[in-house]
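Each of the next two complexes has chain A plus one more chain, namely chain B in the first and chain C in the second.
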Partner chain A sequence: MYLYDDFDRTLLAERVAEFRGQVARRLSGELNEDEFKSLRLMNGIYLQLHAYMLRIAIPYGTLASDQMRKLAYVARRYDRGYGHFTTRQNIQFNWIKLKDLPDAMADLAASRLHGMQTSGNCVRNITTDQWAGVASDEIEDPRVWAELLRQHLTLHPEFSFLPRKFKIAVSAAAHDRAALAIHDLSLRLYRNGAGESGFEVGVGGGLGRTPFLTKIIKPFLPKRDVLSYVEAVLRLYNQYGRRDNIYKARIKILVHELGAEKFGKEVEAEWQSIKDGALALDPAVIAEIAARFRYPDYERLEDGPANLTAARKADARFATWLNNCVSNHRVPGYAIVTLSLKPVGKPPGDCTADQMDAIAEIADRFSFGEIRVGHEQNLVLPHVAQRDLPEVFAALDAVDVATPNVGLVSDIIACPGLDYCSLANARAIPVAQEISKRFQDLEVARGLGRLHINISGCINACGHHHVGHIGILGVEKNGEEFYQITVGGRADEQAQLGTLIGPAVPYEDVADVVEDIAEAYLALRQQPDELFIDTIKRLGVEPFKERVYATR
Partner chain B sequence: MTSPLQQKLKITGPSVVTANRLADGAVVYRTAEGTWTSDLDSAAVVSTAEAATALLAAAKADGVRAVDVYVAPVKVDGQRVLPANLREAIRLRGPTIDLPITFGI
Partner chain C sequence: MPLVKAGRIVEDRYLRVADGDPVPEQGPVLVPAERFLKDADEFARREDAVGVIWPNNRSVAELEPHLPNLALVALAFPAYKDGRAYSQARLLRERFGFRGELRATGQILRDQFVFLMRAGFDAFDVVKPADAAAFEEVAQRYSVFFQPTGDGRMTVARVRTRSAQQPANVRTERVPA
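The block that comes next holds the complex of A and B.
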């Protein structure tokens, strides 16, 4: 866990006091909505279809158990008893009242939580690999760099009014679990041929109306230069990004129109002028930030304890969960446990206050009080001793967060869609629910192997549909909901945008279409271990298109 | 060229003026008496662009009680006023899914 200091606490307390005054002035009419809207957005407060929505940042997806309990408290006290984990490692409360928000924010601030920069045209919550610090395939903990950037870019006066929002992701692992390529700026920490570690910098990724993947503009950036280089990118964007057209305001459009090479050269010139100034990172500063990430006092344990082997043999449900939800840890005798927030027929990413409290308790007992949030809208217990896995499974199963469908067809990423969101054109959650019911037989789902479905209720693409193995985009046609289907997208280190397979299909047909695509894959794959995404890569979309539209 | 602010409002059938209540964001509708109600049946229904423009202007002037004010289509069935599209139906009745836990508003 990262240890906050007095500076952080003072900042949050002052922010709450300031917002309390702003809300009072709005409710009295002293501020009109035009004046107030930008102030509430700066604190992560949107007005949705039915109520206000509060979005709370979970920096680099790391949550302490006391913070999870506080989220449960806020869900009960100010909302309707649940929250929704998002694709950006945030949580949203969908029913909060403006008049209650100052008190809710004060309660959250007491647990080091806030909504600053979860909205508005600024640098948003910096995300990373939910396995950061424990993954066996990473070279170091990327959260140190995410935290350095967070501190530098929080309320940074020069970057508080960018042309549009700006999303940064950081990863240090061989396998990309942070969806780097769809971010405005990506930082991939790796070791070069000389054994030095540094960042590969990508810019201009993003989905929405005009999807692009990042282009690499700096193949190797020394670690000491990360703040100055990011500052140079932001300066270029701030200066040249389009403010005349909201649809062309993201950095991806600037990079596309200017060309990545020219953009990279401009950044280089700016960076050369500042790189050896105040932003050059002193190793002592890096060490100080790194030292504030506290790691558990792990026991010396062996992998594969006898009780685990016995439990695996004795309990088939446990064995299934173990195979699906438990991953290798960098420390012998420990494991990373993924908690599925995708039980069959339930809204993806939703978590009740009771579940939050139970997860906090389980984290305290078995994961050194630490929880992670992943962009796939699942949670993680990052430090579970393997000998405790049977008990952990029983505890998670009791609160319905042990569905062994992680990475499978029913582990669907979905935005809130038209059930909540004022921007949406179509519903996303009921579509996800219906698909997960169709594939509730885990034998069938396992037979399909890794298959990611992403659903967005509008072109803004909060459900990342462009990078779903199967992507589903809701559109509105003459007052009816229709859905465009893409296949072949992926968000990992081989990131790819999906290809549209044909005309949009009506709401009632979406789950049937997904079943058709799944059946086509089963018939077309060369062998059982050829993944869906690899079959698409080998054959293209035509066979799937033929199957879907043959009878429609 | 006409400024967007001066463009005439067009409606294609019976309509109401709707908004979100400032203090809690709840969905509300403008009444003929110049108040706000959460009961769509009690909303003022207008059928001409002129009447809709007047109702909208009065509602927008009331920026302390309601925000995000706009004109929405409805269907009239006897004494009942019904939303004319899915978005407005969801605003009136809530999400189409079962919520994890439902408390009273």
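The block that comes next holds the complex of A and C.
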């Protein structure tokens, strides 16, 4: 947990006051919608198909139980009793009224929550590993760096009107759970040959209509230089990023047009002139931030307590959940528990106010009051004692967040699609619901092993379809919804863009196609533990293409 | 379009000279970039103040040799959301040490005032009279600042660590040789 201080609270209060004034000016007509647009966007407010949508940042995915309760309160008071967790560690409310927004923001601010920079052409919520601070494979807690960057880039006077949005992700683990390669800027903390830790910096990743993976421009950046280096990248982007065409305005296009090597050299030159200035990080500043990340007072416990072993034997459902949703913690006797927000037939990432309250309660009882939000649109209880797992399972199961499908075919990432979004060309959520129904038999799903499906309702790719093991992109053809299918994408440390397998298929056929691909995989894999993604790596997309289009 | 300086609406003493127009013998003038660069030597000899209107797609490094002869640099915001001039302003102030008037022109609304001041602007061509009138109040809206920029405001990090004997940053950047 990160402890906010008076500065953070004051800033939020000042921000809410400013926004209240902006809404008043909009309602009185003093501001026209175009002028209001970039102001509201920078507070996380979109105008959607049916209403305004409010997006709230959950910095580095860490949420305290009182904050979760506040989200539940806002969902009930101002929305329709639920919220939607996104792929960028944010939560969205889809039904808020403009006149209520300042009050909703004031209520959120009282619990240290806000929508600042969750949209608009500025630096967005900085994301990281949802297991930060508890993962057994990380070298240190990446949230310290995410927080330093968050502060530095909050209302930054130079970078609040960039050519386009700018997304940063930070990870410090061997396994990339933060999807680094699809960000505008990626920071991977690792230890070099000399044992020093520093960042590998990548730029120019992003999906949308022109997908690119990041290119490494700085193999090793000392930690003290992280602010100045990011400043140098942003300064170049702010001045030279394209502003003539919204679809070419992301930094990935600048990097592509200039070439990563040339771009890296320009950054280097800019960085050299500022690196020893005011942005060089003082160890005292780093220590001060690090000290405000508080870790639980863990008990001294042994791994694998007797009651856990007994419960595993006694209850098959519990055993299944344990295998699927519970992961290793860096502290003995503890576990990381993933809560699936993908129950069969429900919209991925949705969470009701009642579920939020229940999860807050469970977190207080069993996870030191802490909850995490991950980019796969699931939640995490990061500090659960292994001996409490049977009780935690029962409590989570009672509110339907214990579906043991994490990482499986029905753990689908999907954008809101045509049901909510004014940009979408096609529905995404109903496609996800249909697929999850087809694979609701968990035996079948488990038989398929790890298989990520990502669905986007338009080319903007909010559902990250390019990096799904199976990617599904909704397009519109003559007023009808069609879907392009890609396979072989991934967003982890071996990131790869998926390959299109053939012509788009109509809405009704999508779930059938996914079944065909799954069957092809079962027939083609060398042994049961060869993952779907590895079979594709070995054989390419051709056999899958044949299987899908043989009868179409 | 009211001009705001030092928190107040003031008369603009500069005469804007368009590209083809003759430059008056006397009085402060504000001239477009091309015109200024073409006759830079002549402008340098001028007794009265000279200002230049610099576009936001041209490097301010080109201006560096002329800065001692300039009393005013006006940077352009052709659209509210086009933020290139924020970088230009910081470079002029913090890297090239420009101490004259730095004026924001174009689509300037009250919601940019704090950002503009923090980037180094000290004069503002404000579109709406109501925004200009509200300058003083709006300028004080925020009291918390995270970034060390050339405006010298104390950053949160400095206050928190109490190593704050000096303002956050006044020309602490190294100027490249």
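Here is the rule we use: the second predicted complex is superposed on the first by the 552 of 552 C-alpha atoms of A that agree within 3 Å, B and C clash if a C-alpha of one lies under 4 Å from a C-alpha of the other, contacts with A are read in each partner's own complex, and residues count from 1 in each chain.
The criterion applied here is as follows: contacts are C-beta pairs under 8 Å (C-beta built on N, C-alpha and C of every residue); 3 or more make two chains touch, one makes a residue touch a chain.
Remember, predicted model here, so these are calculated numbers, not experimental data.
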Chain A as common anchor, with chain B and chain C clashing or fitting: fit
Chain B versus chain C as contact partner of A:Phe161, first or second or both or neither: second
First (chain B), second (chain C), both or neither touched by A:Lys99: first
Partner chain(s) touched by A:Phe7 [first = chain B, second = chain C, both, neither]: second
Closest Cα approach, chain C to chain B, once both complexes are overlaid on chain A (Å): 18
Chain B and chain C contact sites that coincide on chain A, given as residue numbers: none
Touching residues (chain side chain A, partner chain B) in the complex: 26-29, 32-33, 47-52, 80-82, 95, 97-99, 346-347, 350, 352-353, 418-420, 422, 427, 429-430, 433, 479, 481
Footprint of chain A on chain B - complex, ascending: 20, 22-27, 63-64, 67-68, 85-87, 90-91, 94-97, 99-103, 105
Residue numbers on chain A that touch chain C, as the complex places them: 5, 7-8, 10-11, 14, 17-18, 22, 30, 35, 38-39, 121, 151-162, 235, 238-239, 243, 272-274, 276-279, 282, 284-285, 288
Complex interface listing, chain C residues touching chain A: 80-84, 86-88, 90, 95, 109, 111, 114-119, 128, 130, 141-144, 146-149, 156-157, 159-161, 163, 168-169, 172-176
